[in-house]
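Each of the next two complexes has chain A plus one more chain, namely chain B in the first and chain C in the second.
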Partner chain A sequence: MGDSKLYTRVKASDILTELNNYEKKPKSSVYRKTILKKIIINMSVGDNEVIMLISQVTKILSDLGPTDSEIKQLCYFYLTNYWRHKQEETLHALPFIVNDYETNKKTSDNDTCLAIRTMASIHIANYLNSLVPILEESLQREISGKIRKTAAYAVAEIFNVNEKRDPESNRRLLMLLNDMLAEEDDASVVSAALSALREITDKSDTLKLSIDSNHAVKLANSLTGCGEWSQVSILSSLLSFISQDLKTAAHLIDTVLPYLQSENSSIVLNALKVVVYLSHYVDNVLDVFPVLPQSISGAVANLLLKPAEIQFLAMRNVILLLLDKPALMDLDIRMFFCQYDDLLYIKDTKLEIIFLLACQENMDMVLAELQEYALEIDVQMVRKSIRAIGNLAVKIDATSDKCVSVLADLISNSIPYVVEEVAIVARDILRKYPGKFDHLTHLLVDRVDLITEPESKTSIIWILGEYSSSISDSIYLLKKYAANMLEEPTETQLALLTAIIKAHVCQPYNKELQGLVENTLKDVTQNTNHPDLRERAYFYWRLLSAKLPNAIDIIKPRLLKLNTETDALSPDVCEELNLCIGTLASIYLRPVSQVFRHVKPDRLVDSPALVHQDLKSPQVRAKVRRSTIRSRSSTTTSQQLGNPSINRSRSSSFKLDEIVKKLSLKK
Partner chain B sequence: MASVVYFLDNRGRPLLHRDYKWDIPSTAVEKFPILLLEKSSNGDAVGSLEDGSTVPVLNSDGVHYIYLMHKNLYILALTREDTNAFAILCYLDSLVRVLEGYLKSLEEESIRDNFSIIYELLDEMMDYGVPQITDQKILKEYITQESFTLKTMFRPSGSKKKPGSTTVFKERMAPSAVTNAISWRSSGIVHKKNEAYLDVVESIDMLINPKNQILSSEIHGEIKLRSTLSGMPELVLGLNEKFMNSCINAVKGLPPIDNTKKSIEVEDVKFHQCVRLGKFESEKMISFIPPDGECNLFSYRVHSSTLKPMFLIDYKVRNHSNTRLEIMVKVRANFKSRISARKLEIRVPVPRDVDSPKYHYNKGSLKYLPNESVILWKFHKIDGAKEYVMIAELLLPSVADELELNKFRKIPLNLKFEMQGFVTSGLQVKYLKIREPKMNYQSYPYVRYITKSGDHYEVRVK
Partner chain C sequence: MIAALFIFSHKGEVLISRIFRAGVRRNVSEVFRIQVISKLSDIKSPVLTLGSTSFLHIRHGSLWIVAVTRDNADASQVLEFLYKFIDLLRGLILLSEKDDSASDRILTDVDVMNNFSAIYEILGRIIDYGHIQDWDLLELKSGLNAKLTKGHGSKKGGRAQAATSSTIKTGSALLSRAASMSRHRSSSLGGILGVGGASIHSGGANGLYNSRAPGIKYKKNEINITVTEQVSLLMSHAGSIVRAFAEGSVNANTKLSGIPVCSFRLIKQREPIIGKYERENRYEYNEDHGKQEPDFTIDTEDDEEVDDDTNTNKEAFEKLNECNFHNCVNLQDFDNDGIVKFVPPDREFELMRYRTDITSLPFIVYVEYDYAGSDRLDFKLRLKTHYSKTITASDVVVRIPIPTGTMHAKINSDSGKAKLLANESTIQWKFKKLVGQRLCELNAAVDSIEGAMISWSKSRPPISIDFTMDNYSTSGYRIEHLKVDEPNLSYRTVKSVKYFSLSKSYEIRM
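Coming up: the complex of A and B.
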């Protein structure tokens, strides 16, 4: 039998009596172990009553800990969970742990590490007093790699607490870690030291992690010799290296490139991050590495075979790259065609990528696929694919005909939600190509009764107002909508008011419209409470009664040309997001500053090798070298680790959110 | 990195957790089920938690929730920083696989049975929130507790009995493999029989339209090595030159040689970490010291323009006034008559709740699977160039659901099959040389070729 029978909630007092009963019996150790497990289980499920039992637990630890490592482990675990609330009692366990360390340090790496880890997570002065010398001892070169790794993490864990207590010892520990970077041969230990230092520097205002070029090359070369997670850590630390010349950056890319083929997805993505980052420092990177697009696309294809969650994160990063550096990839759009059983969020993301990858050449294939999705049963998927077709019509002029004929095809079935969604995209299409797709308008107007959802209604009303003179039924329809105006949501009311006035200024002598305008204005000004609506009505009223000759220019100005170029992200945002591959920011597709208030955003640091090249268009490989090379002002107040170099600047906040919203289909 | 890792049951209640950084209050995890519902991209939030429509990364109050689902469990990591979220998710994925290895099946019951060993594993696999080891073989060598699997009989969980005597001395000592250069193999392995089995397995994913044209296709190949070899054996694997050249081009990223139509276009060549990449590129040799037991030596992807559908499907459905359906499927084995496929399974989607199906068919067996809403047409074996037909008559429930009647026709037919003795990419194993410099024993390599369907070998219907 397993331990699941122990999974019951127990009262602390019951456990206490149980313990006292067993005290006298023989074989009490077996019973006490069972009781300990019960305590830990209650702790696991979040029942904190067992906190009261701390002295019992420390007793079990000192009685049975030396012989049974499972008991020792569970007791340690208990202590790290509850020391905050029972500091006094926790102190009783300290001699045991120190003794545990002393007896095991030569013989058992695992026990030694366990002792160090436990002490590092208990932040009481006495514990720290004992721990610091232990750490200093454990970080020495002759100690085994596993212990040194654990000790490195322990330094990171206690660093902030210890800073207040004994800054001097903190300096010593820090220097030990720093020395490890340079002198250590065991790559997995180096990676632990790097992780620890990064942890420390990220939380500190005065410390910075920087890596010089010799060291960066050494790190990259050590990748072969260490385990998968050490590789992840080393790869991400390469982002702290600022290449001063093209050669080093190119060399590093060359070294890192094979890791795009790794089995561990995390290594793949971190290698990708390094490659993208370093590509900023290599002039004409695609001429130097013609393999890049193929390698990266291959890596992406492999990530798409992983479980859904990983696929999703990987694809978010693909979007990121597509927004700024599509030239770095050579993706086959068919990779992103939806499988029938993909989860909704996967389908969503795939649609976004299909939208971004669509171009004139593959449009037939894309439209056929999107049309397939638009015939699915899942309403959300249908709406999203229609939205995508509409957006494509606006994005690529040459294919607008094809897109619109697909849309026209779709509404011919008169399925309500299809018509509604087409109504929404039609507004932008009509704006972009005035006069070109009147037949789409007619198809919609014929099915206007099917439209009930507010957003679609608003859209169709806008169309009726804007093109009233070319739609024969427009007045009749506007009138019909006006009859129920007060029951509509405000958004629709505003749109309707404007549409009626627009129709009127276009056909000022139409009696029917004149009446409609009068009634509507009266109705709105008298019967509505919404200030915006009422004021807009008054505004129109005055404008019309002033009989200005140019009223039409105010009410129905010539539409601004729909500019699709605004979809592009500002270079600053792209730069920042590019450095965020694999992080949370890449998943939310928002700059760091918007997600994390206190985190310093990363920027590319200027160096003689930094080039700004255009990787936007897949064909053009233009480049602009930065004209001036600014001299870096070194911030002298800060303590530098390794070589001096990093400057992190704060970036202002952007409206990325809006742009992303525009790009992504309706959520 | 991660601050805390939780295992939650299907209602979002914690089963156990390991805190690594202590910077997130326990109230955060209590919010998780609520967040799942709120952020569900499935507009109507009434649905159950398990519909899988919520993205795997959520945030609320400055805490980021990164999770994945496994059976009826949520495995969740919380963090406050803009850390490497992707790495955390990959770690969770590896964590699931490691625990599956230990517990045979990772579910609520087995977590409870083995909470103590899971804590030990969590402790070893992550330090201060940074992933450390997720390699099962290495972990198994120094996690000493035995797991309690749901099937086995009682054994005290603290017992340190282990099969074989060599490991006993190493108890609770980290194996040299953790920090060694050859981290995938410990020294001093001895086997009675020295054998190595190579399986070349290619899975074909294909999406085919109703006109039997291929919309997309991909071959995923893998060379699996299962070896019981003593000592530190040096292996060299030889492949046919054409495939090898294409591999090297793929690794170097050179454009595929396209002088003949029959050239092979290999992509994404991936090796197990034991393969010496340098030698591969410079000497065109796949040389390595394999890990003991099983490993995926080599994987690749092939785009083949000459690939044809393995089976041609003809599909017709007739609706008799919404009371009765007639589905006709014709399958033709589109390969040479001397080849045959085994275990062909055709899943034909049908509406939910159909009644008393009647079949007419001339080969195989037919079965209605109500919980999948498919009719499964199974062939033990099908020879090349043969053609078979089946007709299924189904009675529809009296209250016919229009939506349902449309829905089932959007689901593609799924095919599964297996073919032995050849692979479609053109890969051939020429030799596998085994040499152990110190022991010089005799050893026997075996090679097998298998072509089978991937998860998505699908045929759309109209």
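Coming up: the complex of A and C.
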């Protein structure tokens, strides 16, 4: 018999009468359990009327709790949800829970944990008073690992509340947690203590978690001995370690590297995070670890076999690395070719990666693939792949011919949305390579009737205005557009006005154009209500009637060179995001403080070993290799030189500290 | 860190709601329902962030499993956990049938409702104040207070339809469903069986993670290893390989006494495979494949082959790069010398997975089609099997997508059974058994309507092939030097290794 038929909304008053009815009957415990389940279900589905039944629930707890663990845990669950609203009544349950802890602490780990967890979730003073001694007891060494883990988390949970109430006991608990870090026999307990401490320090302004190098090495070595989620927690806490020298950092990378092959994607991404983080502290990291690109790429390939959501996350992080440290990866672009049944957001992300990975060498393959997508029936996908082809033409000069010929090929099918999208990308291509691809313009102009969407209309009008002298039909087409000008959206109207004037200043003696300019200006200034448009028309009108000799420089100035590096992230953002691999910020690829307002961003902490190396260009590897011998020999000398200088800088900072202290004392 | 977890039914009703951290309001579930579930048509991302609260969701059949986090949480941890959690529930709730179909089944909302009390208890155990804990399936199962109500679940197939937006319909829906089905199958197995255990004994003398109970004893000591490879291929219409790889999964079933240490190596054996297709070769002779008759002759002993044989020694130690392992394998050992060394848990589990590019394709389809008028289409198909004659593939199904609304087709094939599946708009060509080194032909003339022909010629969904092959590893990887060593009990072990190859998404674009 399942409980699914209990999933109905019930009025609190009905439950109450039901309870009262059954109270008298024999075997009431079975009925009361069912009623309790109904209460919990109503709580789950968000019917908060059941808050009113709190005293009934505590009664069930004290009557049936000791014998039936299921009832006990359901009641606890109820209490942790609703204590805030009924603090008085919640207090009645406290003796029961404390008693529950006392009776079970030697026999059942699960029940003990449950009791501790419940008490820690209820932030009422009396609960905390009873909880603190319990926690102090449970954090002791001889208690089983399971309980100590729960107790460690509980400390983090109550830390902020308790700080105001009783700072002294808080300090004791913190020390106990700190002691747990030093233990060696149970890595999962250490990981729990680490998570708890990290949570406390994240919220606090005064406390800071730092791990020294001995401890970091110990932690990394303990990874083999613990379960998967403890591994995740240990790996991510390694980011609190600030490497002071190259050797420790390199050693840690070496230890963590195998975890890139784990089956658990979270371990993989966290290991990646550690490797990327520590690579900041290893000079010439690719010489020390020539396998690094290969290992990371292997890990990426594995992540792509995971379910869509995880694939998505992994690929966002690939984008991050490609923007900042492409040299760390050696990816096969074919991995990111879309599959027929990929979800839209996966296809999107893959396209982005294909765009980033495309280079002169693989361009044939990439174009063939993108062309394939552009022939699909999914309009969104088609548009995106055409845009990618266009952007590639702008990005890589050497292969722009190939890209444009693919685009030309695509237009020849005369599918409206294809033509529209090509019109949009054509604008940038023509700007980047003036005079090189006039045939593209002609192909577009031939199909100008297919273009209806505003954005691409604006684009084609811009092209007509800019290159009017080389397009034979331009005047005729501009005239045609001008005839319906007032029905267009403002954006198109503005573009059209500018285009007509531009065409005019290029061919000032063309009668037809003169007429068109006059008509348009008249039309716009008299009939439009849009202030921007009217003002611009007046502006042009005056400019033209002033007959300035350099009017053409104002109206049709020489175009600035197109900046193709718009997709790069700023170094600051990259530095911050590198520490956020696998987190939500990596999905948005935006600085943490922009996504989450109250979070303080992590920064790379300066240390003598911190190096700024260029991992930008994928080709850097070859270059570095050539200079290996030289740099190796130089590193040895620089290390000798480096050591004293480290000491010096430390001692000087020490002195500075002392001076500051003295000064403050004098005050 | 997970602040709250919800399970919704497909209609958006809350089935399970558990809040782990203060600071999350109860009504966040309502926010998710309005923002995501009711806007089913366009899911742009599995993550939604509003203010400092984020929702990360996955789908399981018709269910929505949603985790709520605050601030910049570790998304990798949350997503991985959601999948592992569902696998755990499936392992506990669904009836464990021995056959393969059990792992194909998915939970329904009724299963969740029936077991709500147990699910709350499990959540309490595996998430402590939002921190995910290590768990062990068996330990968890034995310690449950709430009773589990076993369920049958439902057959797979909901997801593909629900998730893919309106873009692809008809014949392709079938293809995509097949693909997602196999994807689920592969991902689920590992999850149910191979979840890392809570550490009872941490780190033995050999530094291996060990989750075995002490004192296990078997009369007959056995280790059975099954290597299953799922083969994916995407070949462009010109005949060049866009993608060709195999995803291998090594499952081990051990019945071993004491605390045994097992080890093996995965070695790539390149038997001289006849009629193989080098990636580079394909690239060169692609362009004009449509006109030129492809070379069907069997190139038995070319100079090339000899070259390859001399290369075998070198390739034998070619290390797998794209692989991952169960928690029990010592990753550092594998990293050092390529030995897979582990203390197996006492049950069947997925030991490792790998992905590798393949150079020999078991099946190749050559297709030509002509438009005979505006409403008629002629197909000519050749299916070539490129594996050795001693191996037989079974249940080979070739699906050829044709224009929608086709009612009649004249189909001629020299072997196998071919028929028109009108409601799926495909021609299905089926072989119960198919031996290696064969060439089969099929001719078909399809009558359709003009509009359907045009949309077909624009989209042209790919031809797909399904197959199952015993004793065949497509990638050529084999398990060698399998050793079982129990220092205290020294016994003899019966060892067996089996190989299978299955199609995952084996597609040839038209």
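Throughout what follows, the second predicted complex is superposed on the first by the 615 of 667 C-alpha atoms of A that agree within 3 Å, B and C clash if a C-alpha of one lies under 4 Å from a C-alpha of the other, contacts with A are read in each partner's own complex, and residues count from 1 in each chain.
Following the convention adopted for this analysis, contacts are C-beta pairs under 8 Å (C-beta built on N, C-alpha and C of every residue); 3 or more make two chains touch, one makes a residue touch a chain.
Treat the numbers as computed from the prediction; the structure is a model and nothing was measured.
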Superposition on chain A - do chain B and chain C clash or fit: clash
Contacts of A:Pro290 with chain B and chain C, given as first, second, both or neither: first
Touching partner for A:Cys580 - first (chain B), second (chain C), both, neither: both
First, second, both or neither for A:Tyr259, with chain B first and chain C second: second
Partner chain(s) touched by A:Asn484 [first = chain B, second = chain C, both, neither]: neither
Partner chain in contact with A:Asn81 - chain B first, chain C second, else both or neither: both
Which superposed partner A:Asn527 touches (first chain B, second chain C, both, neither): neither
Which superposed partner A:Ser144 touches (first chain B, second chain C, both, neither): first
Contacts of A:Asp185 with chain B and chain C, given as first, second, both or neither: second
Chain C-contacting residues of chain A that also contact chain B: 1-4, 6-7, 37, 40-41, 44-46, 68-70, 73-74, 77, 81, 110, 114, 117, 120-121, 145-146, 149-150, 153-154, 156-157, 186, 188, 192, 195, 199, 225-229, 232-233, 236, 257-258, 261-266, 269-270, 294-295, 298-299, 301-302, 305-310, 312-313, 334, 337, 339-340, 343-345, 372, 375-377, 580, 582-588, 592, 595-596, 599
Residues on chain A engaged by chain B in the complex (per definition of touch): 1-4, 6-7, 33, 37, 40-41, 44-46, 68-70, 73-74, 77, 80-81, 107-111, 114, 117, 120-121, 144-146, 149-150, 153-154, 156-157, 186, 188-189, 192, 195-196, 199, 202, 225-229, 232-233, 236, 257-258, 261-266, 269-270, 289-292, 294-295, 298-299, 301-302, 305-310, 312-314, 317, 334-335, 337, 339-340, 343-345, 348, 372, 375-377, 380, 580, 582-588, 592, 595-596, 599, 667
Of chain B, residues touching chain A in the complex: 1, 13-17, 19, 21-22, 26, 41-43, 52-57, 59, 62, 64, 67-69, 79, 81-87, 89-91, 93-94, 109-110, 112-116, 119-120, 123, 127-128, 130-135, 142, 144-145, 148, 150, 154, 157-158, 172-174, 178-179, 181, 183, 207, 215-216, 220, 250-254, 267-273, 277, 296, 299, 301, 403, 406-407, 410-412, 456, 458, 460
Of all residues in chain C, those that touch chain A in their complex: 1, 13-19, 22, 26-27, 29-30, 42-47, 49, 51-52, 54, 56-58, 69, 71-77, 79-84, 110, 113-117, 120-121, 124-125, 128-129, 131-135, 143, 145-147, 149, 151, 160, 163-165, 167-168, 172, 175-176, 179-180, 183, 186-187, 190, 194-199, 202-203, 207-209, 234, 236, 240, 242-243, 247, 321-327, 330-332, 334-335, 350, 352-353, 355, 455, 458-459, 461-462, 505, 507, 509
Complex contact set, residues of chain A against chain C: 1-4, 6-7, 37, 40-41, 44-46, 48, 68-70, 73-74, 77, 81, 110, 113-114, 117, 120-121, 123, 145-146, 149-150, 153-154, 156-157, 185-188, 192, 195, 199, 224-230, 232-233, 236, 255, 257-259, 261-266, 268-270, 294-295, 297-299, 301-302, 305-310, 312-313, 334, 337, 339-341, 343-345, 368-369, 372, 375-378, 381, 580, 582-588, 592, 595-599
